[in-house]
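These notes open a run of structures that come right after.
Two complexes follow with chain A in common, the first pairing it with chain B and the second with chain C.
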Partner chain A sequence: MAQRTSLNRITPYMFVAPAALVMILALFYPISYMIWGSFRDWDPSQSLSETEFVGLANYAKLLVDPAFHASFWVTMIFAFTVVTVEMILGVGLALLLDRNIRGMSVLRTLFILPMMIAPVVVGLVWRYMYHQTYGTFNRFLESIGLEGVNWLGQNPLLSVIMADIWQWTPFIFILSLAALQSLPKSALEAARIDGATGWQQIIYIKLPLMMPVLIVTMLLRLIDAFKVLEVILVLTGGGPGLSTEILALRIARTAREFRELGEAAAMSNYLLMLLMVLTLGMFAFTRWQEARARRLKFAAQEEG
Partner chain B sequence: MLKLLTSTTFIAGVALTSAAYADGHAEGPYAAYEGTTLIVNFPSHPHYNAVLEVLPQFTEETGINVEVDMLPYLDMRERQTLELSLDEGAYDMIAYVVFSKADYVYADQIYNLAPFFMNPRLADPNYDAGDLIDGYVQNIGVAGGEKGYLPGPTGSLYGLPFGSETSVMYYRTDVFEELGLEPAADYDTLLEQACAIPEAMPGMGGVASRAASGHQASHAFLLHLAPLGGRVFDAAWNPIINSAEGVAAAEALKTIVDCGPEGSSAFGPSEAANAFAQGQAAMFIDSIAFAAGFEDESRSTVAGNVGWAAHPAGTRAASQTGGFGIAIPRNAENPEAAFLLAQWLTSKEGDLAVAMAGGNPSRFSTYENAELNAKYPWSASFGEALADADPDWRPIIPPWGRINADIGTTMSQVLTEGLDIQEALDGIAERTQTLMAEEGYYTWQQ
Partner chain C sequence: MPTIRLERLVKRYGAVEVLHGIDLDMAEHEFTVLVGPSGCGKSTTLRMIAGLEDVSDGEVYMDGKPISNLDPKDRDIAMVFQDYALYPHMNVAKNMSFSLRLQKRPQAEINKKVMEVAKMIGLDQFLDRKPGELSGGQRQRVAMGRALCRDASTFLFDEPLSNLDAKLRGQMRAELALMRQNVKKNMIYVTHDQIEAMTLADRIVVMNGGHIQQQGTPAELFKNPVNKFVAGFLGSPPMNFLDAELVDEGGTLMAKGDGFNIALPAELANRAQKLALGTATLGIRPSDLEYSADAPDAASFDLNVVISEYVGAQSVLICSCGDAKITVEIKSETPIALGETLRFAVRPEGLHLFDPKTEMAI
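Right after this comes the complex of A and B.
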C-alpha cells in the first residue's frame, strides 16, 4: 500500500521528466556554459577546460570600456525608438483596417510581407536603396529637385531605424488586428448605444481591452530589438565609427574579430540581465493592472 | 577462411597495383598516396576559383583526390578555429587569411613545414623555392623570427603563399590623357590629382578607396601608412601610430575619401572597385586581384581604358602584402599527401596553371611567363611592383584583431564625424599600449 502511494507520488514527476531533461540539455546547459565562460579568459582556440579563471574581470573591464558604453546607448536608443514608432504605426494601422473592406485578406498578406523576408535580404535591399548614387531614395530626391542625402554616412542610425520599422511594424499590426477582432462586441455596441464617438471608442474601450495583448507584443518586439543583428551587419557593419554598433553586433565582433570569448559571454550576460529586468518589469506591470481591475470590480460589486 | 581472406586481399592488391601501373603513376613520390582523398578548406575567391579548374589535373597526375569545402573568406577563420581545436579535424589542408597565421602558429595548430621539406620522399628537388616571391613567403609563410611574425634567424616556415596579393594603382588612361596627366609615382602628386580631377571633371571621383567602418577603414589607413614612412609599433612594441607619419597617412586617407566618389565613406573593397569599374573614379589603389574584373566588359564600363602603375611611393615604396597561404593542420588525417598537394600547387607548373586560369601567381617566373603576359597584359607590371612589397606593413600578432578594429572604427569617425586626426591617433595609441601591456609585450622591459 505504502509502495503504491509512493509510486503515485512519483508518477507526475515521471511524466514531467522527459520535458525537464530536454529543458536541462537544450536551455540550462548552454546558459550555464556561457555563464561559466564569462568568468574565464577564453580564446576560441582553447577548450573551456584549458582557460584561465579570471573571476569578474571580464565584467569589470566592460564597465569601464567606452566602446561597450557607446554600444549600450546605441542599443537603448535603437530599441526604444523602433518599438515606440512601430507600436504607434502598427496599432494605428490595425485600427484603420479593422473593418470589412473588399480584398482585405490580400491587403493583410501584403502588409505582413516585409516580416517574411530574410533579414540579410532586407539589409541588402535597404543598403541598395540608400546607395548614394544608384539608391532609390536619392534618385527620388533628385527627381524632385532636392539634394541627395548621405544616408549611411551621415545618418546611419536613422537609416537603420527606418529599415527596422519597415520590417517589423507588420508584426505589431497583425497581432493588434487579431486582438481588435476578438474584442467583445457587446462592449462596443453598448458604447455606440451610449453615443460614444469613434475616438472615444478607441481610447476608452478598444485600447484598454487590447492592452494585455499590446503589452506582450511590445515585450516581444523589445526583446527582439535588443538582439537584432543581421540587418545592421549588412547595412552598416556597425559604422561609421561605433554609431550603429548595437550590443548584439559588439558581442559577435568580440567573439569573432577580437577572439575574446570570455568577454563576449560577459557581454551576453549583461544583455540577458537587462532583458530579464525588462521582462519581469512588464510582468509586474500586468500583475499590478490585473489586481487593480479586480479591486475596481470588487469595489463596484460592493457598491452594487 | 583465413587463407581465402588472405588470397582475396592479395588479388585485390594485385588488381589495384596493376590498375595503378596502367595509369602510369604507381611509382614515384605519389604512389604511396594514390586513392587518398584530401579534404581542403578554400575561400570563395577568384584565385581559388581558378584552383578548382586546375585540381583535376593534380588528381590525374597523382591519383590523389581532392574534396574542396569552400567558404566566404571572412567566415573561414571561425570554421577553422573550430576544426583545428578538435582531436581529429575535418581538413587535411587549409587556406588561411594572412592575419590568421599568428593565431594558428601560436596555438600550435599547423605543421612546421621543415620536416616535410627534409623528407627526400616528399620534397621535390626541382621545387626552386628561391623563385617564390620573397615578400609573400616572409609575410604569409614564416613565423617565429623578428617580432615573432617576421622572418629572421629564429623563424621557420609554416605555410606557403598561395593566392597572395599586393597593392597597385589602377588609373583611367582616357581620363589621364584628356587632362594631360601622368600616373602619380609619389604621394604628393597622388593627393593633388585626387582632388584636381573631380574639379576638372564634375561627377568623377579622384581615387576610389575602401573606408567602411572596421577592417576596411583600417586596411585603407595602413595602405598609406607604410609608404609614408610610418609603422603601428616601434621595435619595442610601443605604439607609434600617432607619429607625424601616422597623421600624414590619416590625412591622405581623408583627402582621398573626401575627393572620392560619392558615398565613399561606406565603401567596402567590392563597392570601391565597382565605383571604379562604373567610371565614377579616375584611380583605384587596391589589390591586384581586381585587374581581371576591370577588363570584363559585362561588369565594367571602363574595359580597355585601365592602366596599371606601382603603388605610389611616399618616403619609401611599400605596397601591401596580403591574401592567402596554405598550411597543413596538426590534426590532419593525411598530412604527407596534403604536403604533396601544397607543393604541387605552388610548383612552377602548378603556379602557372593556376595563373593561366585567372589566379594570382606566387612565383617570379610565372609573372615573367610570355604566355601569361599575352593573356593577362598586366602581369609583368604586377611582377615588378612586387619587388616593393612590404611584409611588415601590418603587424601580425595575436592581439591584432582588436587593434585593427579600434583603428578601423576610430578612422571611420575621422572620416565621417570629423574627429581630430591627432586626437584620434593618440586615443588608438593609448588603448593599444594598455592592451599590449595586458598581453605581456612589455614583460621584458620591466
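Right after this comes the complex of A and C.
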C-alpha cells in the first residue's frame, strides 16, 4: 500500500522527465556554459577547461570599455525609438482600420505582410532602396527635384530604425486590432450616447480598456528589439564606425573578430540580465492583472 | 418633454427586411413598453430611436423634428443596456458623471448631481468602487444612475432586467415603477417579459415578426386582444385555445368541440354570425375558469385534472378536454384530486373567438 502511494506520487514527475531532460540539455546547459565562460579568459582555439579563470575581470573590463558603452547606447536608442514609433503607428492604424468596410480584410492582410518576410530579405530589400544612386528613395527625391540623401552613410541609425519600423509595426497593429475588436461593444455604444466624440471614445474608453494588451505587446516588442541582428547586419554591418553596432552585433564581433569568447559571454550576460528584468516585469504585470481580476470577482460574489 | 413619433420605420440588413414600416406615437411623459418574442424587432426599433442603428426607411420625429440623421449624443436621450455597458475602468462616480464631464460642467455641479442621484438609487456608499467590485443588482443601479445623471428628456431601456435573477428582477421592477413616478420623462422600455410590460407600462406595444400587433393600455390589451398572437402573448399562464364549430341551436350560437358545447354571449354571437364562419378558435384565459360543480352544461367544461402545479395561493391545473389540454388557475384551497373529472364554469365575458384563418379576433 505504502509502495503504491509513493509510486503515485512519482508518476507525474516521470511523465515530465523527458521534457525536463530536453530543457536541461537544450536550455540550461548552453546558458550555464556561457555563464561559466564569462568568468574565464577564453580564446576560441582553447577548450573551456584549458582556459584561465579570471573572476569578474571580463565584466569589469566591459564597464569601462567605450566601445561597449557606445553599443549599449545605440541599442537603447534603437530599441526605445522603434518601439515608441511602432506603438504609435500600430495602435493608430488599428484604430483607423477597426471598421467594417468592404475590402477591409484584404487591407488588413496586406498590412501584416512585412512581418512575414525573413529579416535577411528585409535587410537586402531596404539596402537596395537606400542605395545612393539606384535606390528607390533617392530616385523618388530626385524625381521631385530634391537632392538625394546618403542614407546608410550619413543617417545610418535613422535608416535601420525606419526599416525595423516598417517590418514590426504590423505586429503591434494585429495585436491592437484584436484587442480593439474584443472590447465590449455596448460600453462604446453607451459612450456614444453619453456624448463622446470619436476622439473622446478613443482617449477615455478604447485606449484605457486596451491598456493591458498594449503593455504586454510593448514589452514583447521591446525584448525583441534588444536582440535585433539580421536586418542591421545586412544593412550596415554595424557601421559606419560604431554608429549602428547594436549589442547583438558587438557580441558576434567580439567573439569572431576579436577572439574574446569570455568577454562576449559576459556581454551576453549583461543583455540577458536586461531582458530578464523586462520579462519578469511582464510576468509581474500579467500576474498582477489576474490577481486583481480574481479579487474583484470574489468581492462581487461575496456581496451577491 | 418631447413627443416621439415613428413614421413607417423600416430596417433592412442587406436584402432582409426585419422591420416592416413601424408607425407609433408616444405622448409626453409616457412609459411605453415594446414587448414581443426574441427577434420581433423591438430592440432594433429602440436602437434606431437611440441612433445606434441606421434607419433604412421612414423617419423618427422628436417634437416634430426629424432626428434619424443626428448622432446619438445630439438626440437628448439616455439609455440603459441589457448588459449594463458600464465603463469597467472607471469607478461608480466616474461612470455616472461621464457625460457631464464630457460637457465640461463645473466640478461642483457634477459632484452635486452624482451625489443626488446616488442617494436616490442607494449607491452613495459605493461611489469609489469599480463595476467589477459590484454585484449584478448594483451594476444595474449604476446603469440607471448613469442614465439619470445625463438628465435627458427621453430614457431608453433595452431589456434592463433580463440579466438579473428572479428575486432581484422583481425588486428592481418595483424600484423602476417607483422611479417612474418620481422622474417625469419619456420612457421607452423593451422587454420580452410580459409581466414587466404589464406592470410598468402606460402603453404596451406588442410586436411580432417586425410588425406592431397591437398597442394600448395593459388592461385594453389584456381584455380585448386584436388577434390570437396578442391574446396568447399577454397573460400568465397563457390563454387556452380550442378548435370549435359554431352551431346555431334554437337561436343561440354554440361553440361546440371535443368535450364541450358552450353558449356564446349575444354580442359575440352577433359578430361571429356576421362573418358567417363555420369554425373558430375559442380562447379562454385560465383565470376565467372557475370550479363549480353545479354550473349549467352550456356555460361549463368537464375537465379531467392531469397535473396540479401548486404555486402558493394559486394552483395551476393542467387538464384534458377531449384531445386538447386546458390550463386552469384556481385558489389552492379548492379540494381537487388528480385524475378526477370536475366541472369548471366559464365567465361569459372571458370567451374570445378568433378567425381560424386570419387569427384576428372576432
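The definition used in the following text is that the second predicted complex is superposed on the first by the 280 of 304 C-alpha atoms of A that agree within 3 Å, B and C clash if a C-alpha of one lies under 4 Å from a C-alpha of the other, contacts with A are read in each partner's own complex, and residues count from 1 in each chain.
Keep this in mind: contacts are C-beta pairs under 8 Å (C-beta built on N, C-alpha and C of every residue); 3 or more make two chains touch, one makes a residue touch a chain.
Treat the numbers as computed from the prediction; the structure is a model and nothing was measured.
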{"item": "Contacts of A:84 with chain B and chain C, given as first, second, both or neither", "value": "neither"}
{"item": "First, second, both or neither for A:133, with chain B first and chain C second", "value": "first"}
{"item": "Chain B versus chain C as contact partner of A:32, first or second or both or neither", "value": "neither"}
{"item": "Chain B versus chain C as contact partner of A:109, first or second or both or neither", "value": "neither"}
{"item": "Chain B versus chain C as contact partner of A:208, first or second or both or neither", "value": "second"}
{"item": "Contacts of A:293 with chain B and chain C, given as first, second, both or neither", "value": "second"}
{"item": "Partner chain(s) touched by A:192 [first = chain B, second = chain C, both, neither]", "value": "second"}
{"item": "Shared contact residues on chain A - chain B and chain C", "value": "none"}
{"item": "Footprint of chain A on chain C - complex, ascending", "value": "50-52, 71-73, 77-79, 81-89, 98-99, 102-103, 130, 132-135, 138, 146, 150"}
{"item": "Chain A residues touching chain C - in the complex, by the definition given at the top", "value": "184, 186-187, 189-197, 200, 204-205, 208-209, 211, 293, 296-297, 299-300, 303-304"}
{"item": "Contact footprint of chain B on chain A as seen in their complex", "value": "43-47, 67, 131-133, 148, 150, 152-154, 236-243, 245, 253, 256-260"}
{"item": "Residues of chain B that touch chain A when the two form their complex", "value": "77-78, 81-82, 84-85, 103, 107, 109, 212-215, 217, 261-263, 265-266, 280, 398, 401-402, 404-405, 409-410, 412-413, 415-417, 419"}
